[in-house]
Amino acid sequence: MPLLDDCDIAVVGGGLVGAALAWGLARTGLKTMVLDGGDLDPRASRANFALVWVQGKGLHAPHYALWSKASAERWPAFAAALAADSGIDVALSQRGAFSFALSQGELDMLAAELETIAAETNGAAAPYEILTAEETRRRLPLVGQDVVGAAYSPADGHVNSLRLFHALHTAMRHRGVDYRACHAVERIEPVDAGFRLAGAFGTIFARRIVLAAGIDNQRLAAMVGLHAPLKHSKGQILVTEKCRPLFEYTSATIRQADEGGVMIGDSEETHTTAIATNQEISAVLANRAVRVFPCLAEVNVVRSWAGFRVKTRDGLPIYAQSASHPGAFIAVCHSGVTLAANHALVVAPQIASGALSSDLAPFHSGRFHVSENS
Amino acid sequence: MSMRRITDTGALALHYDLVVVGAGPAGLSAAIEAAAAGASVLVADENLAPGGQIYRAVTRNAPERQDFLGKDYWKGRAIAEAFSASLIDYAAATTVWSLDAAAAEGGSASLGLTLGGEARMISARAVILATGAMERPMPIPGWTLPGVVSAGAAQIALKSVSGIPGGRIVLAGCGPLLYLLADQLLRAGAEIAALLDTADRKQRLAALRHLPGFLLSPYLLKGLSLLFGVRRQVKIVSGVRELAITGTRHADGVRFRAGGREATIAADCVLLHHGIIPGINLASAAGCAIEWNDAQRAFQPRTDKHGRTSVAGVLSVGDGAGIGGAEHAAVSGRIAALASLTDLGLLPPSGTASRLAELERQRQVYRRGRAFLDALYRPARQFLAPSDPDTMVCRCEEVRAGTLRQVIALGVPGPNQLKTFLRCGMGPCQGRMCASTVTEIMAAERGISPAEIGTYRLRAPVKPLRLAELAALPQGPAAVFAVTGRALEHDSIEEEGKNQ
Amino acid sequence: MFLRIREPVEAVTFSFDGRSVTAARGDTLAAALLAAGVETFRDSVVGGEPRAPYCLMGICYECLVTIDGIQNRQSCLVEVHEGMVVNSQHGARLVTGRADR
């Protein structure tokens, strides 16, 4: 019998989460393999909004608010290390972000959420301001009359997430990661001192594994005594032709990429599994974008896309090691761009050391058992 | 009874039995057949007048003025006249940018159209895609320079403005259209400096087994007379294995290698061509299954013998479903119209069976000889997957062959991941000008079939439209909730009203 | 790059980069510009390279020009009109405007 391909650690999933972890693991010197899916598998990494975002994150979950903030602060170091390994500049820009309100109700809701998060973190969350319509337009003269106000936080930013994805894969190659596309894992069998991963590609042996397979984590987790309950969350985005610079900040609904295209998001549908884009939602997105920035009215939309978010039932990440099968880790989260710095620089070294730190305990999947039982 | 020209979105009906996308021979024929059966029909087409590319401007030109276009071109007149005499809504200069097969009420298809700067959503019980073919992009060094156009573009200039290229003309590539264009240009009085034929001589052997079919085909005589006619009047260099266009801000010559020797020929205008392939963007974005046609070396929608795609209520006909030529397209349009009206219950199956059988017999005649042409003019590999690293592959995002190969070497699973890493195919043309090359390069690098590589997955809008047009479209409460996370509030309803 | 071998039946006049151009009613703008000797329609968005129409049938998006102030229009799909003001383009779209429009 031929020897199985083997590695110290196999990361299942080559998206932004899997690639950031694999690069981080390889940097610690582990012989790392990435088993990735096919070209048309659902991939949140190809359908994200490229934000390094803190504002409003972690309502009733102060540990998540602070985890996001820490990653945003860690991003410059992460981007520099990534550029050193890949030669690719991911265009990190952290000049702050606006959340635009088109009705008083929206503004009140924004203000209430940010205030609650500030209180719940004892003021340690990212700073913010609530701006009136006049104040918003003073800072951003292109903003339209329908905007009744905005929230602003200096902690937010964005990157070129397509280049981030490319850079992570180039950096993985640089660090000797064995990346294998079209290696969809069908079964994981715990064996002596490791795991056997099997699929149409054959079988691979790994001493340890990390599940970072996005929405497929739900299926894989159960094979190694872990739990990753997800909910449906489809998002849709419009993207315009390239424009000369017009908006140097960012926002969760409109941003201009460094290459010039304006991205317009975002929506959430919770009751559909269809991946096609919905034209009525495109209409709402376009309508709101033109109300925020009337100068965009004549700009052409060149593409739209839809993707499924990797959303756990409570919206927070899961980081855990299996109690029944030590050596099996899982990382599930929605904000793969924002958290990439934490994943590469914090979580990966912890996994490499064999245990997640107690700081990450609130993100353990055990929390779902508790809520299910209560 | 006559065709009704739609010039603004307000004149569109909100619902049709059948919407036909494209007004070439396939689309016009489908519409004529469906209208004759009493269906309500809309033909939506991007061009200013009916005819598609093959019969472009046929209603505007006249045999006595545009005598150089050849007698096959004027066959389009009869189709255009029958179309004008049919009870059909016809929206020219109209873009269909989305098709969602079951999105409208009652499971009807929903289509997004733009006409006169305004968008409109309409619905249809069935949709026939007759979006035609496009020329296979021919990426060679210098092909983005002004002065370089596709052969099809030169033919369009001839048909639409009676224009012939000025200065020294060089044609390069392979395929029947190249010789047809040469013949038309010569008849129009142009002088052709050279025709650089890239046809792979090895393909002659491969084509031989399809020769009997070709000998019985309606193309035989026309093809031979074209070849001999052009050969008498034009310097033809065969066996061209390398091509590059020289020049800095405009083409000034073509460098080529043939028979082991390199030469450069001066040129003011270079016309490139190496075959035509189906335009699949709308079918693909509508979710129709796409399959690889190895004989024609292109992707096409998967269809049954009547044109039904994998998506219920959506049919694909003509060259957009696989290259067959104008007359084949016209018959396939009629077949698809009968099939879809039968599916809708607007025609009894018993009444259409014999007519369908007769049309299928006719279509068989037009299929004869196609396999021979496909084999004979299969493009040589070096022109499908350019080896020079500086050759531009994605003209919009300006991604070159060498960069593509570097990323392919990272092990990416396919063209869609490649697109993500490099923006290749993300520009305004939506990958039309690079998709085939990206698949070919990847297949060559991996040593596997393009069928296994696949192609870009596409989404609406398949053609750009202004944000303001999208913003003015109807928005249901579910869509508003999906974006704002809130039901329509009283104050925001007022604001919506204010905005109208 | 194209020479008309038949005179236009019904002439239409428009401007391109300030210069007057004569075309025939029913012409597409791209074909009319090429027949009027226009060589370069725009400089490309990413690399600033000269570009001109490649396909003339709505596929390649190389023929983008500014028509009556509206940028990035496909000149091969637009009919010429008397008095149309057409301009070549240089680089990416310029977004201007005031908030109170």
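Should a chain be cited, it is by its letter among A, B and C, assigned in written order, with residues numbered from 1 in that chain.
Quick note on the criterion: a contact is a pair of C-beta atoms (placed from the backbone, for glycine too) under 8 Å apart; a residue touches a chain by one contact, two chains touch by 3 or more.
Only a predicted model underlies this, so the values are computations on that prediction, with no experimental measurement involved.
Asker: Comparing chain centres built from Cα atoms against the global Cα centre, which chain wins on proximity?
Answerer: Looking at where each chain's C-alpha mean falls, the closest to the middle is B.
Asker: Quick check: more C-beta contact pairs at A-C or at A-B?
Answerer: A-B is joined by more C-beta pairs in contact.
Asker: State, to the nearest whole Å, the distance from the C-alpha centre of chain B to the C-alpha centre of chain C.
Answerer: Centre-to-centre distance between chain B and chain C: 22 Å.
Asker: So what's the Cα centroid distance for chain A and chain C, whole Å?
Answerer: 43
Asker: Taking each chain's centre as the mean of its CA atoms, how far is chain A from chain B in angstrom?
Answerer: Spacing between the chain centres: roughly 38 Å.
Asker: Residues touching two or more other chains, restricted to chain B: which are they?
Answerer: Residues 427-428, 464 of chain B touch two or more partner chains.
Asker: Give me the residue numbers in chain C that touch at least two other chains, ranges are fine.
Answerer: Correct list: 45, 72.
Asker: By residue number and range, which residues of chain A touch two or more other chains?
Answerer: In chain A, 241, 296-300 touch at least two other chains.
Asker: Using the touch rule from the top, collect the residues of chain A that touch chain C in their complex.
Answerer: Chain A reaches chain C through residues 137, 141-145, 241-244, 246, 260, 294-300.
Asker: If we count contacts the way the header does, which residues on chain B are in touch with chain C in the complex?
Answerer: Chain B residues touching chain C: 46-49, 53, 57, 60, 65-66, 93, 134-135, 143-150, 152-153, 156-157, 160-167, 188-189, 249-250, 268-269, 279, 395-398, 427-429, 432-433, 463-464.
Asker: Show me the residue ranges of chain B that touch chain A in the complex, using the header's touch definition.
Answerer: Touch residues, chain B against chain A: 98, 100, 103, 110, 112, 121, 287, 407, 410-417, 420-423, 426-428, 430, 454, 457, 459-461, 464-468, 470-476, 478-480, 482-486, 489, 491-492, 495, 499.
Asker: For a test of understanding, state which residues of chain A touch chain B in their complex under the given definition.
Answerer: So the residues of chain A touching chain B come out as 36-40, 43, 45-46, 102-106, 109, 146, 162, 165-166, 169-170, 173, 179-182, 236, 238, 240-241, 259, 264, 266-269, 276-291, 296-306.
Asker: Within the complex, which stretch of chain C touches chain A?
Answerer: Spelled out, the residues of chain C in touch with chain A are 45, 70-72, 91-101.
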